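Next up is a structure, given as structure tokens.
Residue numbering begins at 1 within each chain, and the chains themselves are lettered A, B, C, D and E in the order written.
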């Protein structure tokens, strides 16, 4: 018998099946084609939900890039969402600008603000919970500023004026027009493509490296600050697009909607439920969370007989919703996509 | 005293240990040598309850340890110094040591601390320094000191000499032998196989998750295969 | 031969602990310098100062003739210096190959070039069989090699190695030592390494520097230094049986 | 995020202090770092003078000072529990406000159903919420420990929704009250505050001292800090980590329960009454340094003062704006919070 | 749009949008109950006779108090084919729902939602039952002046405390404009953040320092209680505290929650017509059905259903635009105090709605002004908080 001592992998290491970009692209095409049929299949009344799913997805894709892949946990993505939404309604009201132009302006503005926040935060090495709460404070500050600033209408916010006819250039259509859905879908696809290609770029690779070990990346010559700021700016820009689209679809924005804590949660929750730092996680999570509260409300609109004493008292559907949320978080520690991937590897 | 019978264990789908058996008798110093990645640390983790075995049994003084959590195992007198040291980084050296005696309520701390400071004087000098700001080697001393504070009946050491100067390495190994002489059983994992074998009563060679060789320390140190593999550079 | 590294009068203290005091060291290009010293002598701190992770209280560090004191680590790294860490710090979620590619990419150049270079480095460090393993699940020996591969991918001219051999079984050490010697021969790399494994220090170093309590207490030819009674007293202790 | 870095090596930052992943602080008063304190002090003085000039009345400014300290006491009370859970378990507990609401309703039940003085409810609220917290940690959160921030965030957010809507189902949405029979004003240098608010401030201080003593002077407190520093290490010295987690979370919720009871006499009780405090409580926690109980108390007072003085000095803007600006300033000057201890 | 055939067993759906969970669930439930009682009343009386006795049916939506949920629920209800929407309590939500109604051409009757801006966009399909916010400010200034003059105790200076959002600010501005017209002397304007405030002592100290003898307050319920308690503690020398559309001072539970501090508080708000038999019957029915005191908002919701039912009768059709036109011509006596039957202006405002002055007397708010509506006479000076 001989004793082997040389280093060899043996069975004792996880082999990574790298997803090729081609495969991701194919999946994306399949998803898009399937999703394109949705308006034809879904009842008219669920189209708002479908659009909401898409808005959730865009926000979560943005959040996931920075907080999932980049490890910079943001609890203030409402800041970027709000900037996108406010830029849109402000430019529309005061200059009659097309939302498509506002989209670009809003994205740039959000990126700029992200860079400022990031620069301040990273200069002092804020990490994890501290960073999360700093971003949270920024969003809260923007909310308070918007609330108290008269040139953005204070608490009243903005209404998007109704147009008599459908207009592509002004991104306004009849209520429940399928155009909203298709535009939203296109935006989601674009954001996913951006994520895919960014993660394969030099800066994208370094983003993950910095997340895994900042000091090592620094010592290897990665400009940590630049990498972090770039990722943050891109993430903010994507999320601002969701804000613009939200404003156009819901036609109303006020400081709470735009910059409120709930909006930050809506950027996080789909990504967490779907799978943090996975490409498809935010989309899957949005698909589940988007309709969930409507579903629970629907189930309980007429409570079953044994719960009749509760009728007339709101809140039961939220109870059910929150229980589902907790259960999902407990049972699927890595989110749906993450758990499926682990299971796939483990087979 | 401690018996591992046909243990299989691993991480997730990775199985590291296959059908691994090992014994430590009372008052014995047993070392385990093996290549990097052979499963030495994994073995210790199974014993101290940090991971659970897929199959097989761990028995300590006739009682199974299966299903016990780490703190319950420590209460039975099995204490591990882990590879990663697992110190309480922001707490002081002294607090780390005092916590080492967590399972021994009502002992005279000053006396116990003196015992450790005698072995590692630098710890006395730095008793108020945060553990995380100590140098690599100093942290290793602290980790060993903390384990000794528990007055273990079975002490398990995972590469205690890693990062220690040659002088300290020898000091530590001598101390380990001295601990054994006070009646404590010791399970030692060491890269300095030559030195480890020279103080061991018995030793195992672990290879790819199973025991490949077993015998008295001195005897194994003379074994040609072992010499070639572990005593080289 | 020109100097790769010139350290003048460097001191560093942490609230009462004098980790380095008035350290002066010159490293000639293409040479291999071993650093030894008792635990807590300041060796890692010394590396942290040179690599820019810590700012010295006083003194200067010159790298290939350029003053780098106070520069950020990534800028120093781009001047041709690379370091490994005493505790391994892989990019855990990435495979070995991705780790190395990420390092190669930090030096400009295109993706194709980076991949080629990464491939070469992986071959050279004997990591080919590991290339597609997620680095989180590697064992000590593989991680140590990964650290090496990663720094080599940045095409350094000066390498700082902090206890690369610690935790390796003797049989694992030999190939690493060979690799290091080979790097100097073939690429003209300058090496400064901290190590407690004396055989490796003796075998590899052109000269040895001994630290104690933040000071350089001896330096010179390896054989000379280990014979120095102060070094024996502070560091080596009695003759090692079985060594 | 790939989990915490292994204990064992200093992560140096430029000023020589070590910052680890979440930079958990020990609970010592790190008064050595005076810059943020000076900045805060200076800001308070500036605000005081501005308030004085703006209102032109010492009476108003004095009242703002007193009200600031008193409402700051409420913030401290809430932040204490949060900071414990935050510092030790690494959980950003968004259900803290909901636990507070449970405390409110317990007080209401005692005051109304049993017709007793609301303060009788204090032990009931503390005990009840302790048990609730322990159960939640054992049944839900223990399974997620050592994981990432976002998962626990989702669970505590879910819990918060769950608790407030169960309260809504049981008690309905209409506001309730648990007033004292008589709640006279207490006069201090011409300023005045209700007795119940003064009692709340006193309660906050007493509670803070108790929690501080528990952490710093008892061996269980040392165990809590050990678990905060290294979970695996704590297991390896024989500490029952899950038990420590459960008790710590229970202590945190018990603090929320105590806070709920103490503020009940001057609060309108609704299922979402706790939510308004959540945001400020987090600000206070971070300003005080994660896991630092005394820091939380002092930061609570500072936030109360800034809010009140700022409200007088910069009328027209939300008083919270001043609080958030101070918060960001402190984060930027000293990321560990005013009292967050540096390593050694 | 909606439409459909008519038939004997036909049901006509009315959609509601109220906050049944979240911070305003208490009031939302009251409004929802008001709608339920309204539907029951119509059905018990034989349904919509013009449509062959068709029965009304509730299709309920929970806005959770957020505009986007409100909007998606509204969209769902429209998809369900409701003939009209009733809601929503919060102005921000109503603003969103009004836009949905306009785009889908479905009538929307607002029971409670005060913000003037909602109906400033020229919407055709939205109507409002309650007086808009600015009217509270205007009438409050008029009433204050009138009752002070009647008591021979002139107003020297008015201090104004209001929450800082559009609601409080809007009412304040209307008050100020009217005050300037009528020569009332205005003192300091003091604002606070209703979402986060937990103590109003400092603000009341400012009132005290200003030397005003009347304090006008516009806020929500929770902060209203805080203000009352602070006034009792600080004891400024005031003749009266007058709420202008304040969410607390006219509520039946206010005296319970604020205790003796509530005595003598005025509020200008919409209110039940306590003298009308219908209103009394409604209150009694509400109490037996839901074991709770009905608030005026519930009556507004009840009336909203009656407005829609009357419009269906008149239109004799469920066609949305016909129903809309019929609503625009409503002529119906409400349960709330008013200047006559409900009549909608071109903008959709209920032009006969009438804010009245209530005062807490002997632990309950009662209407004290104008005389035509008053049940009791005002006590002035009221010496609040003494």
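What we mean here is this: a residue touches a chain if its C-beta (ideal position, glycine included) is under 8 Å from a C-beta of that chain, and two chains touch if they have at least 3 such contacts.
Note that this is a predicted model, so its numbers are computed, not measured.
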- prompt: Can you list every chain in contact with both subunit D and subunit E?
  reply: A
Statement: Ranking A-E and B-C by C-beta pairs in contact puts on top B-C
Message: Measuring between Cα centroids, which chain is at the maximum distance from subunit C?
response: E
- request: Going by C-alpha centroids, which chain is farthest from subunit A? Tell me that one.
  value: B
Query: How far is the middle of subunit A from the middle of subunit C, if each middle is the mean of its Cα atoms, in Å?
result: 43
Query: Using the average of all C-alpha atoms in each chain as its centre, how far is it in Å between subunit B and subunit D?
result: 42
Message: Quick check: how many Å separate the C-alpha centres of subunit C and subunit E?
response: 76
- prompt: Could you state the distance in Å from the CA-based centre of subunit A to that of subunit B?
  reply: 47
Query: What parts of subunit A, by residue number, touch at least two of the other chains?
result: 5-7, 12-14, 147-148, 211-212, 215, 313-315, 318
Message: Where in subunit D do residues touch two or more of the other chains?
response: 2, 6, 8-9, 165, 168, 172-173, 271, 279, 316, 318, 320, 344
Query: Listing for subunit C: what residues touch at least two other chains?
result: 14, 53, 85-87, 92-93, 136-137, 139, 141-142, 169, 171-172
Field: subunit A residues within the subunit D interface of the complex
entry: 67, 71, 73, 75, 120-121, 123-130, 132-134, 136-138, 140-141, 144-145, 147-148, 211-212, 215, 261, 265, 268-269, 271-273, 276, 310, 313-316, 318-319, 321-323, 325-326, 329-330, 333
Field: Residues on subunit C engaged by subunit B in the complex (per definition of touch)
entry: 14, 17, 36-41, 44, 86-87, 137, 139-142, 163, 166-174, 177, 196-200, 203, 234-238, 240-243
Statement: subunit D contacts subunit B in the complex at 6-10, 18, 20, 24-26, 219, 222-223, 225-226, 229-230, 232-242, 341, 343-344
Task: Would you pull the subunit E residues touching subunit D in the complex into a rising list?
output: 21-29, 164, 190-193, 195-196, 198-199, 201-203, 205-206, 208-209, 221-222, 225-226, 229, 232-235, 253, 256-257, 259, 292
Query: In the complex formed with subunit D, which residues of subunit B make contact?
result: 48-50, 69-72, 74-75, 79-80, 82, 84-92, 95, 98-100, 102-103, 128-133, 136, 139, 146-147, 150
